[in-house]
Amino acid sequence: MTAPTETQQLMSVRAGVLPGALEKAKAARDRRTYLLLLLPAILGLFATFLLPLGYMVKMSFDRGAPDGVIESAFTLDSYVRALSDPYYWQVIWNTFQMGIIVGVLCVLVSYPIALFLVRTRSRFRGLLMAVAVAPLLTSAIVRTYGWMVILGSNGLVNSSLHSMGLIDAPLKLTNNMTGVEIGLVEIFMPYAILTMVSGFGRLSSQLEEAAGSLGANGFQVFARITLPLSLPGVLASFLMVFVLTISTFVTPTLLGGGTVQVLATEIYDQTTGVLNWPFAAALSVILLALFGAIIAVYQRLTRKIGG
Amino acid sequence: MTVLPQLAPLRKVNPVNSANTVGSSKLSIVDLTKRYAPGLEPAVDRLCMDVEEGHLVALLGPSGCGKTTTLRMVAGLMDPTAGSIVVDGKDITQTPVNKRGMGMVFQSYALFPHMDVAQNVAFGLQMRKVPSGEQAKRVNAALEMVKLAHLSKRKVRELSGGQQQRIALARALVVEPTLLLLDEPLSNLDAKLRETMRSEIRSIQQRTKATTLFVTHDQDEALDMADRIAVMNGGLIEQYDTPAMVYERPTTRFVADFIGQANFLTAQVLSENGQAADGERYYKVEVGGLGRYSAVGAPGLAGSSREIVIRPHRLRASLHPRPGDDAIAGTIERVSYTGDTIAFAVRVGDRRLLAQSMTSSADMPRTGDAAYLSWEAADAFLLPGHIRGSGT
Amino acid sequence: MGFYTKYRTAATALAAASVLALSACGGGSTPQAGSSTSGEVNIIAYASVWQDQYTAAVIKPFEAKFPNIKVNYVAKRSSADMLSALQGQKSKPNTDVAIMDQSVSQSGNQQGLFAKIDQSTVPNLANVPDKFKDKNGYGPVDMLDAIGLVYDTKTFPTPPSSWNALWDKSNCGKVNVVAPPSLLGLSLTAITSNMQGEDYTKSIDKGVAKLKQLAPCIQTFSPQPDEYQNVITGQTVLGLGQNARGQFYADQTGKKIGVAFPKEGTAYQINTINLIKNAPHSAAANTFINYALSAEAQEAFAKDLFYAPSVSNAVLPADVKSRVVPTDGSLKILPLDVDFMASIRDKWTQTWKQEIIPAK
């Protein structure tokens, strides 16, 4: 019972002194297996994502004519136009700003919920989790319409504020950026919560208990243990919401009342209204660059946190 | 501690019921009860226990016996349903965990993964607002104590299990805790390392004179490390005594069975047969269907029915009985060789008894042999408790 | 008034020019695929109400008449969606017929997505007046509609007679327009510019200044779910809309909503019917197109969804005729031809986004 068994000793010996060559051969074999297993996914990704993406990038260098004709070419016209016009810089800035604001607000309101879901020992935990993500079962369009009703000048918010005597004239909560941001925060909350719940892996009640036993009060436990350990989840969640926000087009269109100009709505207009697809493609590539920039920042930050 | 523990009442071992005992103990647990939900069986049931200053006490028992629940209530991580916890004469039952000043080592070590080794160890000192110069000194001293000062800048995840264990210990001890609480600290280590860490923890504990409560399900750990062992079962303490007494003089069949291996024989105690050591008596006993033998036990057992406990290594298996010895004839069913010892399973009627001897003996039976099992009267111990279900 | 005459002259001149162009081009016929009386026809056209009404008024009777031809309808939300679908299957089309906005079909013509339509296989083409034929022989106009003012009938017991109603302060905050690149917004730009006495083909500065005055009173530049529902639900009382759907919803809602053509004139919304190049069932498709251009089908669709017929032999009952856009010159129509629209669409869209909408 107390002495290590023969097998255990053998195992520790083998783990310690396995010759490097053998290890390398095994690693190579493993890599081949992984590659083989990944192949269907890679092919699928290639056909459904990379190929269309490549086509889009190629199209962004084509020459677009206002009548919808696309002339195969290699020209930077679309990029020059997008990047030399202050209007599009404004649109890019609007997009970025909207992503940051919605991302921050969404993470702020989702954080307590995610923390609760991770920590609760209630037997209804599964049910609560389902309730938190249930909004995903209805489409973003339906929920956006819901917000239009709630936020409208005769909507729930304005009429209750008015009946409480807090406002005289209805607040302008729809057909502007405010409405879009309110709607997006709610719409992306399930994503934020899900991402955080799965990103809170390093949190454990034992760590908080350990901090408590070492003399930390509730606030110190949160500030020194819970918050730092949940940061990777928070960052991933922010990234998720940011990316979803800057690429969403439905809610800005529906709740923005035509006054919210972001890259996604601009791309939509260029594609379906103006029929200048190369220009739309160039704007899409710019949007992708925005993604890339934020992902690079994200990776920097996670490396710093995960250290 | 002059009262013979094996004679103490079963339910309440060393009850803290007078002011003088409170004053002499570092920790007193009084009638501590935890019921997770009304209507459920209590996880810890009116538990009483004193721990002396500087002692290491093991809470030993199978999983679900209430030992971890007890520890968590002492730590302040869990509220008791009833009862009180007294440390240094002060009732701390209502004191929140962060004001108790205890040091706890968790089963998973619970090192903070976002801090390096030194930051982990310094955490408790920071919470106590210890000046940073002194912090550094004490952190270093604590790391020296666990021989890991050279790893102070390492990330937690770069450490081995044993190293994490030591850091957790250093982190708990650096704050000079009123009590050191260890929750199964060795269960995540491999067998070899476990033994090294046992002696290391014990020696650190003795050096620092930290009064320690130690939860384990491993009897060897408890026997090896503890000054006192509280054997727990079903929310109760079955026996609270020194390792030697718990092993040699178990008060209940559960304790005898849980600590090491044991042979049980039901016997009718016939008559006293003289004085034995420590106030015990020799008895003539009748073991059903086998004959009359000698055994030892507390005074006043004559005329009752009791269980005899004989440890396997106190049973000698031989091909020929030694003249004058008590012996039982049986058949060797199985012989297992483990290097330094050899174990026999011996069929005696419908019973199966275990015997163990050193492997040097020449008179060594083999499987299928008819053999004799013999023992000395002082090694056949009559359990003080009544046999469950029997009237007397 | 002088302007009106001037533009009417311009419109006539344009129409005349297209006649000349048409007579110049012969329009070569392409070999036909499949049987003209059996098989199937895959058509791509608008979704929702349009699909329902077109199916009931045209497709069902066609299938009754040609029981061996099955019509499959693929619905798209917009003409641009149709165009992108057709571009995707350019090398191997599986669609035969497309009904879409003229500006988009024109782009399709230039991209070589469509085949020319020949009177020998589509005899009813003879009944399409020259002004509604494509000057190069591609798909002709199938139906016409025009931009009007949709209004809440309670607020407007008498229909608004002028576009100026949009600027009326008493409606401020309860007015919607649909901003470009929607045809509605583009048309309003031309109409406003025209009302300000500008030649919108040269400059729209005065129109833009006028529209900037309107912007603060606009509730939304992108009505949701659409411009008609906004009026029906009482969210707005006045807005831009198309006559056909406005008339349709007026009937549906017991005249809660009305639609009117203001006296200053308006602009058409035109749908063409097009044969896809290398269509898999081009013979049956020609049969369908021929039926779609028949007086019977055109009258039926006019009755159901109030689009004006494009064929000269369609005769509408008086109560329908008064509710479809006049094509006889009795209503002033600003000529916004396809090429002109293509040349200003992007520019005007940006003008709205950068100048007019921010003035809100």
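For reference, chains read A, B and C in written order, and residue numbers begin at 1 within each chain.
Here, a residue touches a chain if its C-beta (ideal position, glycine included) is under 8 Å from a C-beta of that chain, and two chains touch if they have at least 3 such contacts.
Just so we're on the same page, UniProt names per chain: A = Polyamine ABC transporter permease.
All values reported here derive from a predicted model rather than from experimental measurement.
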item: Taking each chain's C-alpha mean as its centre, the one farthest from chain B; value: C
item: Chain closest to the assembly centre - both centres taken as Cα means; value: A
item: Computed distance of Cα centres, chain C from chain B, in Å; value: 91
item: Between chain B and chain A, distance of the C-alpha-averaged centres to the nearest whole Å; value: 53
item: Rounded Å distance, chain A centre to chain C centre (Cα mean); value: 40
item: Residues on chain A engaged by chain B in the complex (per definition of touch); value: 1-5, 8-9, 12, 202, 204, 206-207, 209-217, 220, 224-225, 228-229, 305, 307
item: Residue ranges of chain C in contact with chain A within the complex; value: 78, 80-81, 83-84, 104, 106-108, 110-111, 178-182, 219-222, 224-225, 235, 338-339, 342-343, 345-346, 349-350, 353-354, 357-358, 360
item: Of chain B, residues touching chain A in the complex; value: 75-77, 96-104, 106, 108, 110-114, 123-124, 127-128, 155, 171-172, 175, 181, 190-192, 195, 220
item: For the chain A and chain C complex, residues of the former touching the latter; value: 65-70, 87, 145, 148, 152, 174-175, 253-254, 256-259, 261, 269, 271-276
